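In the two assemblies presented below, subunit A is common to both, partnered first by subunit B and then by subunit C.
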Partner chain A sequence: MTEIVALKNISKHFGTVIGVDNVSLTVEQGEFVTLLGPSGCGKSTLLRMIGGFEEPTQGGVVISGKDVTHLPPNKRPVNIVFQDYALFPHMSVGKNVGYGLRVGGMRRTEVAERASDALELVGLADRFDAKPHELSGGQRQRVALARAVVRQPKVLLLDEPLSALDANLREAMQVELKRLQRKVGLTFIMVTHDQTEALALSDRVIVMREGRVMQDGTPDVLYDRPSSSYVAGFIGTTNLFQGQVRGETLHALGHQLLVPKGLAPDGSMLTFGFRPEKAEILPLDAAAKGTLPATVTDILYHGNSARIVVDVSGVSLSIDQTIAGARHGSGLPEIGDRVQIAISPDRIMVLADEVAA
Partner chain B sequence: MTAGVVKRARLRQFLVLSPPLLWTVLFMFVPYAILVVYSFWRAQFPLAVPDFQFGNYIEIFTDPQYLNVLLRTAKIAGLVSLLSLLLAFPYAYFLVFKVRKPGLRLTLYMAVVAPLWVSYLLRAYTWKTILGTEGLLNSFLMSTGILSEPSSVFLYNQTAMIITLTYVFIPFMVMPIYAALEKIPPSLIEASGDLGEGALATLAKITIPLAMPGIVAGFTMTFCLSFGDFISPILVGGPDGLMIANVIAAQFGAALNWPLGSALALVMLVIVLGIITASDRFERLGQARLS
Partner chain C sequence: MTLLETTSAAVISTQSVSRKPRRWGTRLGWSVTIGAILAFLYVPIAVLVLFSFNTSRSLSWPMEGLTLDWYRKLAGNEQLIEAVGNSFYVATCSTILTLVIGVPAALALDRLSFSGKGAFRKLVLLPIALPGIITGISMLILFRMVGFTLSLETVIIGHATALLAVVVTQVYARLQRLPRSYEEASADLGASGLQTFFFVTLPNIRSAVIGAGLLSFTLSFDEIPVTFFLTGRDNTLPMYIWSTMRRGLTPEINAVGALIVAFSAVLIVLSVILMRDKPGAR
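The block that comes next holds the complex of A and B.
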């Protein structure tokens, strides 16, 4: 594995507003890395600094061993797919894709050949002579991809590439994007605010907030071991509560839960959490240790599963129960039922949080 | 009953439409019809006699002095449009792509457009005071020592007319180009850079082609407005600066040849309409290509 992009203590200020605040990260050759965060978290600015559309206020950008911090976009070995695709409306699809090849002084016939190869790669070989406005949203997206990939950049940047598509198309394009990345073996850096998209596509996800990196890890690490309640809340649903560990018991919500030894330092008040599908609802009379007595307050039916909202000592918790897997009785409890919930001890997450009092 | 309702609706429609209709007929079609009629008459002391003959038109196209005036007018209008374009495009480009603060952008835009609210005559007259022998330019050149005595070369010639007309009509070039440039998504310019093109190539391949509708509209307006101008030749033009509108005015005045004046006016009208139609076609073609 070789390092292809390195951001070194990079910051971007817009007047008094801090867009990106001292971010350092590296991306390996062939990786699919996603910058994830809500709008205004600095993810797009970070991407634009890699592309050369913004100059960092501080820090440096190194692409494949070369410092490109002060180089304009046309001098960088990267290409970007814009959120609005930015296809040239006065040129045919083929001309759009070949646009970046003419620059190198390539012969007209070869440009056309390479452009049609690239269009073939995205399944649009027959739309070479069409104008961008004659294409559907998904097709435009693919032309934009072909136009960027055809230049064989060291890194492909994608700025919210799927956000302009409707839900069904988005899912199909996710599959296609992943397939394309595997086929061409390029390094992808994508920006998105959609956590499902990030988890589905990426080898590594970088969660950002207010210009800073909150967590950098593989999708499963982010899901199973989020470092903060912010990351836990941003990726999937998480039940959060405060508690205190003593040995192998966690004192929380007015009760005691079993936890693995050494989960957290003894005695300090911390934020803990668990995912809705990592707990189970048991009838009140079932014999079990370390469970929480609860009252069912809401049931949201999802087809193959149901989200059951319960109240434990005034804190609302969500628990997902697969319908087929409901072991006791007819399946789902009813609103108002007294139950107990069992959380798998090894699924309890400790969140390093500023809020812990 | 139904017939009554229809009748009443028609009446209402007629009442709504009749004032503008009347206005148009009275002040547009009737004068034009009079011009058309007059253009076939024969000039004869004291004024003209009714006739139907093409003598006036033949005279326009055979007498070199009219053709010369037409060509000179076209040349001046063309140069004014070209100069306006060369000044307006960079300015509009700068406003749209380089000025980031919306307030500053609006201020700079209004700085060009606001003079439109000032009397045209006043704006043209300003240049007389700038370029004249006791004008601003001469005073400046003398105070810096470049000239030892005031020069009269700046005023009363075609250059002075081109400068004045450019100044007067440049807002009509800035406005449509600004509008066209503003419609170009910045990502297209960034995409061109991302795909390896430098700033100049991007300008030539992306920005200018996409701004073409605005450029054509601006060119058409400045050309037609300059083509029909007759104030600036009087104010700052010299003996070689007469334009077609001055010649027409003279036919209705001193020369007292209304039939020839009418024919000249119609020839000019046809030329201007021709240019507007051509530019309209071009724009439609461009729109079909883009949309």
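The block that comes next holds the complex of A and C.
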């Protein structure tokens, strides 16, 4: 694999405010990388520095082997899809898509041809002459994509591309986006605050907080082995608790849990966690080792599963239990029931808090 | 326009609610008020146009008869025709000059951040608040100092300074509503700064530029104080009218007035057509 984008110790200050704080990362050719974080974490600023809309205060941007740190957007081999799509309202869809080729000096007939090919790619070949305001939100989104890919950039940047769409459409567009990326084989760098979107689309997710990278990894690594309680909390739901490891026992919540050897250094107080679906609820009389006695406090029914909230020594934990279709209801405990919780030992996560990756 | 629509709307609703006598009174009151406002605005113009067709020289009612003599006389009045020509020349040049300076100034105000921007903005807008006499005298003094000969060109410069505020305010207001992402997208797609301005920015602020241009043209066309101080031997139309008025009101002046009214009406219609913001239209 070849490296297509490299950010080298990049920082961006806005007056006294630090937008991006010493970030280094590389993106490989053909990868779908997502910058994930809450608003104000610096992810958009980072994207805008790759696009050329902001100049870094420190550090450099290299795209396909060339230092572009001080080049304006029109001199960079990248294209961006804006959050509001930024389709030119006075031009037809076809003119919008062909704009980048036209200003590059391509002949009118060839521009029209390439523009309709690009529209074909996103399934909008029949809307060539429509004006942007005549299109639906999803169609506008696709025109913006076509306009960005028509110049065959080295990297496609997407700034919250799906946030302007309603929930149903968003899911359909996720599929579309992934399909398009596979088809054109382009490198995608997306910015989002939506963790489901990030997990569903990306080859790699970079979680950011306050201008810094918290963790950089594949979606399953982020989900199964988050490095901090921040990442664990941002991606999916996590039950967090404090504890101390001694050999193969974890002393936590006033009880003892079984853990694999060498999970964490002996004796030090650490934060541990597990995902709601990695634990099981057993009746109180079931014979089991290393379980936690608990009281059921809430049950949230989700159709194919239920989230059962239990209390263990004053700490509230969530556990997801799948519901056996035939015996509806019978598999679930009731509020107030005394139960025991069995957590799969190899699913317990150790979270190094406040330490950046 | 809106006033007319309001009246007709009021008339229609008068009919539709006529079964309720109490509200009928209120409706009638409104119609009368609106009629009075319209009369206040337009009766003088109607009188002017009407008397331009009067056979008699005296401005007394009833009119004696209708004639086109005064218009015929106008056509033969070389001084007047020259004045009209001068006015067109001055208004056109000062409008173009104002747009050429004003649009980039508005862009700078909106897009760039530089120290003293707030002060710059206020200073650009100040001339509109200054009485024309002050602009006229101060520019006269300046031109004398520099040694310029007074001419229509000095008038153009004088008008342009006063009109700059009009263009900058209007274009700036429109730019503020234009999403910055349009220009960013254009740059991202490889366009140079000039390409972005002509292909993306200008088409989207077009109606504001045309509106400001037409307003500048009209203001320059009938401007007297600044012109009075800055013109040489040439006269513009308002100056000519004003100077002939010393010999009394003549139907000939009415005829000029009527022609100006007609011309203004054409300008208004033109501006309405040009400024219609059809979303997406080129």
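Note that the second predicted complex is superposed on the first by the 348 of 357 C-alpha atoms of A that agree within 3 Å, B and C clash if a C-alpha of one lies under 4 Å from a C-alpha of the other, contacts with A are read in each partner's own complex, and residues count from 1 in each chain.
FYI, a contact is a pair of C-beta atoms (placed from the backbone, for glycine too) under 8 Å apart; a residue touches a chain by one contact, two chains touch by 3 or more.
These numbers come from a predicted model, not from an experiment.
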Combined model on subunit A: subunit C and subunit B, fit or clash: clash
First (subunit B), second (subunit C), both or neither touched by A:K289: neither
Which superposed partner A:K261 touches (first subunit B, second subunit C, both, neither): neither
First (subunit B), second (subunit C), both or neither touched by A:N74: both
Subunit B versus subunit C as contact partner of A:H90, first or second or both or neither: both
Touched partner set for A:F53, first subunit B, second subunit C, both or neither: both
Those residues of subunit A which subunit B touches in one complex and subunit C touches in the other: 51-53, 72-74, 78-80, 82-84, 86, 88-90, 99-100, 103-104, 131, 133, 147, 151
Sites on subunit C touched by subunit A in the complex: 179, 181-182, 184-192, 195, 199-200, 203-204, 279-282
Subunit A residues touching subunit B - in the complex, by the definition given at the top: 51-53, 72-74, 78-80, 82-84, 86, 88-90, 99-100, 103-104, 131, 133, 147-148, 151
Of all residues in subunit B, those that touch subunit A in their complex: 185, 187-188, 190-198, 201, 205-206, 209-210, 289-291
Contact footprint of subunit C on subunit A as seen in their complex: 51-53, 72-74, 78-80, 82-84, 86, 88-92, 99-100, 103-104, 131-134, 147, 151
